[in-house]
Each structure stands twice: as structure tokens, then as C-alpha cells.
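Each remark here refers to the structure printed beneath this line.
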Amino acid sequence: MKIGLIGLGRMGGNIARRLMKAGHQVVVYDRSAEAVEKLAGEGAIPASSLDDVRGKLDTPAIWWVMLPAGGPTEDTIAAIGEGAKAGDVVIDGGNTFYKDDIRRAKGLADKGVHYVDVGTSGGVWGLERGYCMMIGGDDDTVTMLDPIFDALAPGLGTIERTPGRIAGQADPRAEKGYIHAGPAGAGHFVKMVHNGIEYGLMQAYAEGFDILKSKNSDKLPEDERFDLNMTDIAEVWRRGSVISSWLLDLTAIALAKDGELNGFSGSVADSGEGQWTIDAAMEEKVPANVLTASLFARYRSRIEHTYGDKILSAMRFGFGGHVEMPQ
Amino acid sequence: MKIGLIGLGRMGGNIARRLMKAGHQVVVYDRSAEAVEKLAGEGAIPASSLDDVRGKLDTPAIWWVMLPAGGPTEDTIAAIGEGAKAGDVVIDGGNTFYKDDIRRAKGLADKGVHYVDVGTSGGVWGLERGYCMMIGGDDDTVTMLDPIFDALAPGLGTIERTPGRIAGQADPRAEKGYIHAGPAGAGHFVKMVHNGIEYGLMQAYAEGFDILKSKNSDKLPEDERFDLNMTDIAEVWRRGSVISSWLLDLTAIALAKDGELNGFSGSVADSGEGQWTIDAAMEEKVPANVLTASLFARYRSRIEHTYGDKILSAMRFGFGGHVEMPQ
Amino acid sequence: MKIGLIGLGRMGGNIARRLMKAGHQVVVYDRSAEAVEKLAGEGAIPASSLDDVRGKLDTPAIWWVMLPAGGPTEDTIAAIGEGAKAGDVVIDGGNTFYKDDIRRAKGLADKGVHYVDVGTSGGVWGLERGYCMMIGGDDDTVTMLDPIFDALAPGLGTIERTPGRIAGQADPRAEKGYIHAGPAGAGHFVKMVHNGIEYGLMQAYAEGFDILKSKNSDKLPEDERFDLNMTDIAEVWRRGSVISSWLLDLTAIALAKDGELNGFSGSVADSGEGQWTIDAAMEEKVPANVLTASLFARYRSRIEHTYGDKILSAMRFGFGGHVEMPQ
Amino acid sequence: MKIGLIGLGRMGGNIARRLMKAGHQVVVYDRSAEAVEKLAGEGAIPASSLDDVRGKLDTPAIWWVMLPAGGPTEDTIAAIGEGAKAGDVVIDGGNTFYKDDIRRAKGLADKGVHYVDVGTSGGVWGLERGYCMMIGGDDDTVTMLDPIFDALAPGLGTIERTPGRIAGQADPRAEKGYIHAGPAGAGHFVKMVHNGIEYGLMQAYAEGFDILKSKNSDKLPEDERFDLNMTDIAEVWRRGSVISSWLLDLTAIALAKDGELNGFSGSVADSGEGQWTIDAAMEEKVPANVLTASLFARYRSRIEHTYGDKILSAMRFGFGGHVEMPQ
């Protein structure tokens, strides 16, 4: 198929490459002419503007927008929508809030344009491993796009099949590494929860390693300490333990380089998905203590001392005369 | 009554004063001769050693130990116990772990010595307001000590009576400000949970004020900010709101001095009771998310960056190439 | 002053009464003619419709809307706004989301109409104790309304003054029990956080009493149990302890009636403010573990078994052959 | 090597089998003669008592105890210790609290007997996949036992090597699936934290699936619902996503059978390790909100309504007249 790819950052560039490798034609555009040129050198059809992309696409035109969520994606999709014709397809592969998808899909549907949201997991490893995709949109459009998703997904590969999963009865897409989750918005909703879970998994490992590392430290009396080796612990857990995972593999890689992780500041960013997941939990009245605590741990990592901590100190001074003065 | 008071720190000294004001005789001893002398100047009977105290007490001897929990209390009670006679009473008014009370009471009971544990709340305000006391021990001993507790407790005072509390049916001690909670250990158990709750209440206010204060801050776009006055907010909540409390009164006092609380570092200490409360919750399989999060917030306030935070950064670098480098 | 009061439920009716007691004239309207008639019998000016209220008010007209947040309030304020003239004032005394206040205030300002949001705490006790109020709006309007707020607030009363609060330098409103928190929305914002804190305080007590109560239970081996008296513990903590508060007073009242609380189901509702407080925390990137856990505890109280719990059981069965079957 | 294996439950039996497959001789004993007989039929040397085992072992005798933690393990190791000679080795492969290991190791060291603790992960899959082992004990003894651990561990197998892990510099044991974590107790300490992390990972998935499942439910207005397929979502996340893991594989297996998980009650058990992990965190003053919330979620899953929930309802009734009555 022929597809217009807007946004050639780390994710967009690799998606173009994986599509071309599978024989698809990719018209590429990015604000950076350099990025466009680079992909053109690898076989992509270069374009110098959205209009230029449009002119180089077939009918119906298929667009894949791979830009930062929020303004850049919103504006680009609006611009594409204005020039779109009935039957065209606009795919948002970024990290858009699912309610924005629902709104956009409604707006484009009035013109007969199909909107598809694709939540994409796999990070910088996707080029090699393939991307895990969670897709929202109408049935016919998703079915039409199957060759695209098939090219990007990991495929069956070497991952063992799930016992009890009955080929022929279940949708075969899931085993290839993508699903049609539901109507517009459903793809990004599932991806959002995926990221919420990711935060929780990461924080569980983080706390565990913290407890291990502190067992070596002078927080404890000398005769209660061990001298545990973080690098070897991460490695051994990869092999036959209940908590083996890809995130643990990544941890083991980092710890193999430096068990102290001195290269990292300990200030941890968060993207919108963690927060939106908690919003969804609250809308549904679902308790989500772990996912929330994981998000809050990241907030806290970026604050030296909270005003709340000072309120505590002030109270302690008030009732007990405890003084917790500036150091 | 005549009572030997061991430990003349902030709490012990004021307890002596409040007892003397009620007409009790207090034999005082402290490692610091200066502290002993000072209390003697206010009417106490000075003593120069535990043996000296013993010699100056009546039969049965009544001891009140008011020392830091752990070693100091443990050793002193052991020393008192060694010289004690059947019928003597040893009161631990400090912050002892309730299982230590149970163990000690058993040991002393073999010699016919009575052990009483008194959890004491009120802090530096106790001299004036009286102490709220939660008491463990056998019935006869606690009843014998009623005059002592009566002198230390706030009494009915100006605090409104609880509607529905029926005088004559309920134990009148509670309205005076002390209770006989149960056998040895029960007093410190109730006090321990009291402190666990205290942590939770404090953290609830802390988080609320944090949310208010951050609403003024450049964490938000300028047109989403307010300019809220922390001092006035604490004050107004004291008056007719659902969340009025003594801890809020203390907060209002601190904020009346400085709404920024610049005098406080934001590193917040914790004593054993918070931790023991969580231990008790786990023994009983009771979920206690709020009390635990309150304790952990204090731990976190004393750490610049956790190793766990670095683990998070390392994973993020692993899957997304995000770099969270030392600043 | 003359004021139109729309909504004569538990809160609205008592606000009318307190205003009349202070000499203000109140034009009352409610969907229920019966409620209007009742207030009329107590001295209010009855009205049969919003238009009727308008006809009976002075110029500028002052409206106090006291209706359930959401639809009822939204629609009523829209209707009032349509007929309003420049200089009129519309007060929303309900539990409106503060961003709705900001939106409404902008809309009404185009017509020269002043919008004031009043977060009101005090519940069913307000008639007697007075209402603690947090107010958003423009300076001139709030100043004009001072006599109204003064009548509703508790006033200095018997609550001790905060040491260090300097009369003449600080806004005297706070000591009377109300504050002008900032522009439209600021009142409900502060009230929202107030309720978030309220959830946290309540859950701290709840967990503490749970730990106390479970210490009596057969969850523990017999020789580790106590026989703690919840009624007396709540009572004694009211007297001189660090955790005394109005919420504890209410707990003591309930426990004086029945220490087992058999009359309560244990399913606990939550209103919007708890959730909005977490939203605000997330917008500001403020960690709020305690307030969030308090909200989630209420969600959980209304669910028999979560799907998440079954996911846990399914995993446990998967790796360990543990069977947690339907009971 | 020749080894005495005490306890032929699910874990012990499979350990015997895996050892025999590697050519080791295993003397087996269990309270159940039937279990002994069964293993004897598969090539093990049957024994009828601990003394009988001892008689059939070489010098030094090597014992592997694989019994439930607590009493059974404690008593058996005490009995073995009484008859042991200098140079003998006692291995505890169960889920013992690491402080018990430290105590036992000291006791046995007085007789020259070596104590080794082995934390074992892998569950019912271990026979086939091999066991991941975390080992505490003295260097010489662990080195002597290498052939045993080598036989039980998964070995390099098909799991990719960690980039950056330099063969020849790092301990090669970790890549085979076992580590010598430190002195006695260190093995079970690392295993304990492993299980703490396991709880956190599981709860993260549980909350995520709960949020997905509730998005389908009538908790939401009809036009906000999706119709998400839990079975396919679990499957697709196994393939290229950031959150792929062995626990997710197990979840996918369960969901492939029944997306509703109707066969599970939702009451989830917890073993000691989760609680001990929190104890360790508190000893080290490490915040561990996620691991704790995971443990508490399991407690909560086994309670219909908490007393704490009723306390909340009682307060709400007190200040607002809200009635949350028994249903």
C-alpha cells in the first residue's frame, strides 16, 4: 500500500523503515528537511509539505501521523482533514488522549473521512522487534489497513503460543501483535491503560531494588547489613523466576553497565498516559492504589522538599517542640 | 500519694509539676543533677540514685518511669525490678512497644510486682491542658492509681460532653481524659494506634495545603493560577468547618507566623509508633493504605533521590532512549 | 440586605433561617411549594418562580443558588443570567466544580453581572454553629456582600484566637469564619481541597479504629487479643490528645450509641470533590497518596469483589496451582 | 552428589526429579509413605525416618529440607541438627523468614554444621523450566554445592544474554539461574523481596485489567462504554509491548480459557513474604507505597465490609445526615 507518514522522529522514522522493508510505499514529510532527505535516501518518497504529500498519495489517501500528542498532532490532523475527501483515512499513531480521538473521529466522519487511532508500544526497539499495536476505528477501515499493521507488528515470531488459545476461533490479529480494540478512541484507551500498568510494574521493581540496595547501607546497624549485588540479582531473576519480564531485561542491561546507576539523576518524568489512566479509574470508580502511587512517586522524584513536608514539621514543632530546621 | 519519678525531660518534668499541683509527693531522679535540683526547687523530693528513690518511697513503692523508649527505659525498669518487693508498682509512661510491656509485666508478676503502661498524649501542652492517657495493667492496680491519673488528666473542663454518653453507665474515666484500656500492653497499644492516626491526619492536611500552595505556583500556566493565602485558609477552617481540629489549630499558629514556613527544612522525622501501627495492621490483615502512605511520606522527605528512582530512569532509557541525567 | 434564595433543601432552608435571624430579607423559591410555604411561615418572602423572585428583589438583584451541583445549578444560573441586568449578583453556594465557576463568571461578566462562588462547610450543624465559607469573586462584590457572609459565619464565638495572628494586619474575615479566597472559582477550589482533606482525615480515623477493633477479633490467636472499648477510646481522645477534632467528636457520638456501628452498611459514598482534588493534584504534579487512598477506599467499600482480584487469583493459579475458587 | 530430601510436596518432589535427571542420588523422606514410594518408583532411595535418611547419606551428609515455613521446617531442622556432625550441610529450600536463617546458622555453626538458605522461584513450572535460586551461606559450602544448584537451575537455555554482561568478569552463576547472594539469610532475603515485587507486578496488571473491564460496564453512561476484549488484550501485550512478562503470559493463559474469570472467587491469599518485605522496608526507612498497597489489596479482597468503612459512614451521618444503612 501507499501511505503518507507525517513526523520522522525516532518512532516515525522507524515505522517508515519497517513499512518499506515489507514492500509498502511511504511518502514522508517532517518539518526537518534533513529528516525527510535521510528517509528518501533509504527509499521513501520525499515530500515538502502536507499538500505535497497529498498530491503523491493514491485515492483514497492514507495518512499516518506520528507527532507529539497535543498541539502538533491536533493541528496537523486538522490541516489534513480540511483537504481530505470522503474515503480518505487518517491514522494517529501518537499518544493522543482517547477522548480527543472520539471528538476528531466524529468531526471527520461528517466528511466521510475515516479516523483510526493506533496506540503503539515497543519504543526504540520496535524497528527490530516490531510494534505492539492497539487500534481503534471502524471495522472496514481497520480491515483495509491490515497489510500495514501486519508489516509493523512483531508477528508470531519466537514467542510461545498461549496454551488454550484456539486458532480459528479467536481473532488471529492478537497473536501477530495487534488488535482492533473497538471504535475510534478504543486503541488509545487500551494503550493508555498499558502505560498505566507500565508505571506500576516499573515502580514495583524500583521499590524492590531500593529495599535490596538499602540492605547494604549504613541506614542499618553494621551487623544487620548484607552486601547484595544488584547486577547479579537482576540477572538471575531473568532466568526461571516468576518476575521475569522485558522491563527486568532492560534493568539487567543497565545494571550490567553500572550497579550504582550513577549516570541517572533520579528525577523521573511522566507522560500524560499515567495521569489519564487515573482519571479513567476515577470515572469508573475503580480503586487503583498501585497505579496512582507509581505516578505520584515520579512527581515526588522531581521535588526537593514539598510544602506539605514543611506543614508536617510545623505541626510537630507545635505539639512537641520538635525542631526540623533548614539544613 | 507518693510516687518516684524517673526522667525529668520535657515530659517528665511537667508530669512532676502537675502531680505536685494536685498535692501528690514526688521523689525525682534524673541523670542530670541539675534537672533534679530544679524540680526540688519547685517542691519535689530530690534523689541521687534509684536506690535513693527507693529509700524515700512508701510501701508499696510506686514508680513512674518517663524515659526514651528502648534502652534507657528497659535498663531502668530492670534495675527497679531487681530491688522491688511484692506489691510495688512500676509505671512506664514513655513510648514503649506494647509487646515489650507484655514481656516485662510477665517478668515482674513473678515477683508480685505490678506493671502499668501509660500511653500519654498532649506533648508540651500537657502541663497546661492535662494529659490524655491510655492505660494498661491489672484492675486493682489501675484503680489504686486513680488519684494519680486524675491529677494528670485534663478533666471534664470546657470540652462539651458527648451527646448520648450516659453518665453512670459508662466508665467515668474516659470523660476525665484517661482510660483503662486493658491488661499490660493495652495502654501503649492504643497510644500506638493514636500516633498512627496522628500521622494520617497530619499527612491529609499536608497534602491539602500542598495542593493549595501549588495552585499559586509556576507549575501551572499563568491563567490557571490563584493567589491563595495559606494563613487565612488555615484560620477560616478552624471556624465551623468539618475539618477543624487541634492539629489544624497548630497549623494556623505556624502559618500566622510565616505563610511560607521558611523556617522548616521539610525533612520530617518519625518515631517508632507509626511503624509499629503498620506492623499491627499487617498482623491483623487490616488494609491501612493511608496510615502507611503517611509514614512513607516522612521516609521520603529525608531522601534526596532514591535508588528506586534511578531504576525507573534506567528502564526509561532502556525502552525509550529517555535520558534523565545527573543535573 | 434583600436576597433571593433558590433551593430550600437542608442547606438552603437553614441558610435562609440564619439570614433572617440577622435581619436580612429573604425571597425564597423552590420546586416544592411546600418548602416555600414552610419558610414563608418563618418570615421569608415566598415566590412561585424565578421571575417572581426577580420581581421581588431590589436593584441590583442578589441571588443565592443553593442546589445540587451539576444540572440543577447550571440550568438555574443560566435562567437567572438571561434575565439579569448589569450590577446584579449571582452567588452559587453549592458544590460546583471550580472550573465551571470560572466559565460562568466569564459569561456573566459580559453582561456586567457579578458571579460569586461560596464553598460552604458545616453540614447540618451550620444553622446552630454557623457556616465556614470560602468565597471567590471580585473584590467590590464580595465587600458589598459582607453583611450576608457575616450573618452566616460562626463569628469569633468561643473558639480561641490563634496566637500570633495580629488583628489589624490580617483580614479580619478569617477569624469570623469566612474568607475571600480570590477571583471566581477560588472559593470552590479551596472548598474542594477542604473536602479532599476531609476524606483523608476520615480515612485515618477509620483505619485506626479498624486496627483497634481487629485487635479484639479472632483474626488473632487468642493470647494476642485485647478487649478494647471503641466507645471509650473515641471519648478519651477528645480530651487533651493530639488527634482531637470535630470529626472525632462525631465519631464519639456515634460510638456512644453503638460501639459496633451495626446500623451502618459499610458502603460509603463519595461526592465529586474528592475526585476533583486528585485531578487538581495531578494537574499540579503534587503527590497526594493519602487523599487518593482515601477516595479509593470508598470506591472499594462499594464493590464486593473486583475483576482485578480475580486476575490475581488467576495468576496465582497459573504459577503455583493455588486455587481460589468461588465460595 | 548424594543428597537427602525431606518433604515431597509439589516443590520437593519436582526438585528430587530434576536432581535425579542430572545424575544425583536422592534419599527421600516424607510423612506420607505414599509420596516416598512414588519417588522411589522413579529412582530415588526411599527412607522411613530422618534417622533412616542419615544412615543412607555419605559423610558429610547433605540435607535439603523442602517443607512449609514455620513449625514444620523449624522442627525438622532442629531434629537434623541434633544428630548432625561437623561438616554436614543443611539446606532450607522453603520460604523461611531470613532472620530465622541467621539464627539457625549461628546455632548450627557451633557444631561445625553448615546452613544454607535457598530461595526458590519457579512454582509448578520449575520441573520443566528449572528453578531460579537465591542462595545464602558460606563460600566454601555454596561452592561445594554448585553441582546441585547447577542441576536445578534453568541454565543459559534460550533466554538471550544481557548485553554488556561480560563473561569471565561476572559470576557465571547468575546467567545459569542462581546466585550466591551472601551469608546465611541473604538468599531468603532476596527471595522475600522477589515476592514483594511479584505482589506489586501482579497488582499493577490487576488494576489495569480492572480499568479496562470497567470501561465495558454499566458503571459508565452507555455512550462512554467500549466493548474491550480482555483475552485479546492480554495476548497482544505479550507481543512486542513494554509490559510483556511471564506473569502476563499466565494471565493470557487464564483469559484464553475464560475472559470473565468466573472460576475465581476474588478472595486472594497472601503468604508471609509480602508482609516481611514491608517490614524490611520500614527497618530501612524505604518508602514502598506500591508493594504495600499490593499487599493491602489482598487483605481487602478477603473482607466484606471493614469496621473502618462503618466509621466513615457514621461520621458522614454525623455531619451531613447521610444515611448509609445496612442493605
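Observations, loosely collected:
Going in written order, the chains are labelled A, B, C and D, and every chain counts its residues from 1.
One rule holds in what follows: contacts are C-beta pairs under 8 Å (C-beta built on N, C-alpha and C of every residue); 3 or more make two chains touch, one makes a residue touch a chain.
In UniProt terms the chains read A, B, C, D = 6-phosphogluconate dehydrogenase.
Here the structure is a predicted model, which is why all the values come from computation and not from measurement.
Note on connectivity: the fewest chain-to-chain touch steps from chain B to chain C number 1.
A rotation of 180 degrees, rounded to the nearest 5, superposes the Cα atoms of chain B on chain D. Taking each chain's centre as the mean of its C-alpha atoms, the one that lies farthest from the centre of chain D is C.
Distance between chain centres (mean CA atoms), chain B to chain D: 39 Å.
With centres set at the average Cα position, the gap from chain A to chain D is 31 Å. Chain C and chain D, compared by their mean Cα positions, are separated by 47 Å.
Under the contact definition stated at the top, the residues of chain C that touch 2 or more other chains are 123, 203, 205, 207, 210, 214, 242, 246-247, 253, 285-289, 293, 296-297, 300, 306, 308, 319. Note for the complex: chain B touches chain D at residues 242, 270, 275, 278-279, 282, 285-289, 292-293, 295-297, 299-300, 302-303, 306, 308, 319. Of all the residues in chain A, the ones that touch chain D in their complex are 121-123, 126, 129-134, 153-154, 157, 159-160, 162-166, 170-171, 173-179, 181-183, 185-186, 189-190, 193-194, 196-201, 203-205, 207-208, 210-212, 214-215, 217, 219-220, 224, 226-229, 231-233, 235-249, 252-253, 256-257, 277, 280-281, 283-291, 293-294, 296-297.
Residues of chain C touching chain D in their complex: 10, 123-125, 202-203, 205-207, 209-210, 213-214, 246-247, 250-251, 253-255, 261-269, 289, 293, 297-298, 300-301, 304-322, 324-327.
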